[in-house]
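Both complexes shown next keep chain A, but they swap its partner, so chain B is in the first and chain C is in the second.
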Partner chain A sequence: MGLVVAGAALIDMHNRLKVLRAERDWSQAVLAERLGVSRQTVNALETGRYDPSLPLAFKIARIFEQPIESIFSDEGALP
Partner chain B sequence: MAKGLWSVIGKSVLGLLALVALVFLMGIVMGFLGAAGVVTMDGAVLWIMTMFSVVIMAGAFWVAVAWMRSIDEAAREAHKAAWFWGGSAGMAVGGVGVILAALPQAETLRFAAHDGRTDPAAYMAAGAFGMMMLMMIGYAVVWAWWWLARR
Partner chain C sequence: MTVEITTRRPVWQKILGIAVLAGLGGLCGYALADFGRDTVSRWDDELAMLMSVCLIAMGLISAGVMATRPSEVPRGCGLLQIAVLLLAGVMFALPVFGTRFASPDLIFVGIVALLIVQSVANLMLWRAADEMLRRVMAETSALAFWALQTALFVYAAAERLGLVEGITAWGMTGILMGVYLFASMVAAARRGIT
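And then the complex of A and B:
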């Protein structure tokens, strides 16, 4: 669960990267290779300790062939 | 390992070797000029060290740029956080020393800056070096924390 400083507010971000990667039977290294980032970065993304830039988020969405909002959500989007 | 890292390391090594060769050549030239009485020994050292310091700092900056371009965004973010939080914290610690050193009471302090020197230039160099070290320590601590917290 990542905390992003957006203005004065702290926002909890969530993502489904680990689930989507597992569904495709990809290792973190494979996903890292496809995204052009390090495996450590993929791990930081999956554990919610690092939130991606917009360009990287779009790249992730393209690779998983899903809209960004179905992969990433903030606490306001949770039921 | 980041893409392009080996290229950066290879070019850095080549750059350092070129710099050593340049210093060697300048040493020969300054030797001839010194023998001809055109420059003094101190003047020759100053010319060589000026060239050396400008080239090595420009090279270090080039390496930093090439390095930042070769790493991914999370690694870049770690460096930005380390620069801001670690560097600022180190500067805050060093700032205490700057304020104390500026007090009139500090005039009575007598200690050697380095090489037994007590001249103003030595104190300036020692102060700047001390501030840089504190900022670098802060940088290293925050950088390590950033990655350890995200493993």
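And then the complex of A and C:
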């Protein structure tokens, strides 16, 4: 999962993209086309190598018809 | 429920593929060394040739990947990346080999023209890229800048103190491209692009 250094806090981002995609039986290419990004970007999102921008996170939430916080979480983030 | 079907190639096919690629690599290296026997004698020219070969090879490999795994999104990015890499490779070779075929003035005009085309292609690539590719490009630039400005300062200080010899702008350009390519590999690998 992506590890972001923000000030003194380490934020470990998690997401449920792979599960949500599998539930809909979509390939990475299909999701990439819906999002307007490359397949590599979808792969990087799913493997936690890349955290999306806010506009992309909103787009993902709209496509899966779920609130952002049910898809992305920052478990373990320090206050 | 999804079923993943993985098709693994037999080991002998992999070994054969590696052997064929190694053979092709050897032939290309020999041909290049033979072609540049009389022209490439300085270390900065040798470095420029290495960069040129790397850039052209990356362009051709990208073209092969694009042909076998076509992708519509982001539109046009693949072609632009290939164009940028191939143009950069040609531009690195022209100052060394170009004078075999035309006058230095004409070669220089050609290089400037190619540079303009490549700069436009780079700009189009930035505009067409998705956010992660832009991030990779930005990280590559930042990483390369940090490494190069540190190295340049150390070298410049040593040169000013008379500890090392001066270096040509052509040599510096080759080093810059080498560092940039390495930085791009690091930035891409961090995002799982290999």
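Keep in mind that, in the parts below, the second predicted complex is superposed on the first by the 75 of 79 C-alpha atoms of A that agree within 3 Å, B and C clash if a C-alpha of one lies under 4 Å from a C-alpha of the other, contacts with A are read in each partner's own complex, and residues count from 1 in each chain.
Basically, a residue touches a chain if its C-beta (ideal position, glycine included) is under 8 Å from a C-beta of that chain, and two chains touch if they have at least 3 such contacts.
Small disclaimer: the values here were computed from a predicted structure and weren't measured.
Q: Will chain C clash with chain B on chain A after the two structures are superposed, or do they fit?
A: clash
Q: Taking the superposition as given, does A:Gly36 touch the first partner, chain B, the second, chain C, both, or neither?
A: The answer is both, since A:Gly36 touches chain B and chain C.
Q: Looking at A:Pro52 after the superposition, I want to know if it touches chain B, chain C, both of them or none. Which is it: first, second, both, neither?
A: A:Pro52 contacts both chain B and chain C.
Q: With both complexes overlaid on chain A, does A:Ala44 touch chain B (first), chain C (second), both or neither?
A: Both partners.
Q: Who touches more of chain A, chain B or chain C?
A: C
Q: A:Asp25 contacts which: chain B (first), chain C (second), both, neither?
A: second
Q: By the touch definition above, which chain A residues appear in both interfaces, chain B in one complex and chain C in the other?
A: 36-38, 40-41, 43-44, 47, 49-50, 52-53, 56
Q: Quick check on the complex: what are the chain B residues that touch chain A?
A: 2-3, 71-75, 77, 147, 149-151
Q: Could you please specify the touching residues of chain A with respect to chain C in the complex?
A: That would be residues 22, 25, 29, 32-33, 36-41, 43-44, 47, 49-50, 52-53, 56 of chain A.
Q: Once bound in the complex, which stretches of chain A touch chain B?
A: Residues 36-38, 40-41, 43-45, 47, 49-50, 52-53, 56.
Q: Given the complex with chain A, which residues does chain C contribute to the contact?
A: Touch list, chain C to chain A: 1-2, 71-74, 77, 130-133, 135, 190-193.
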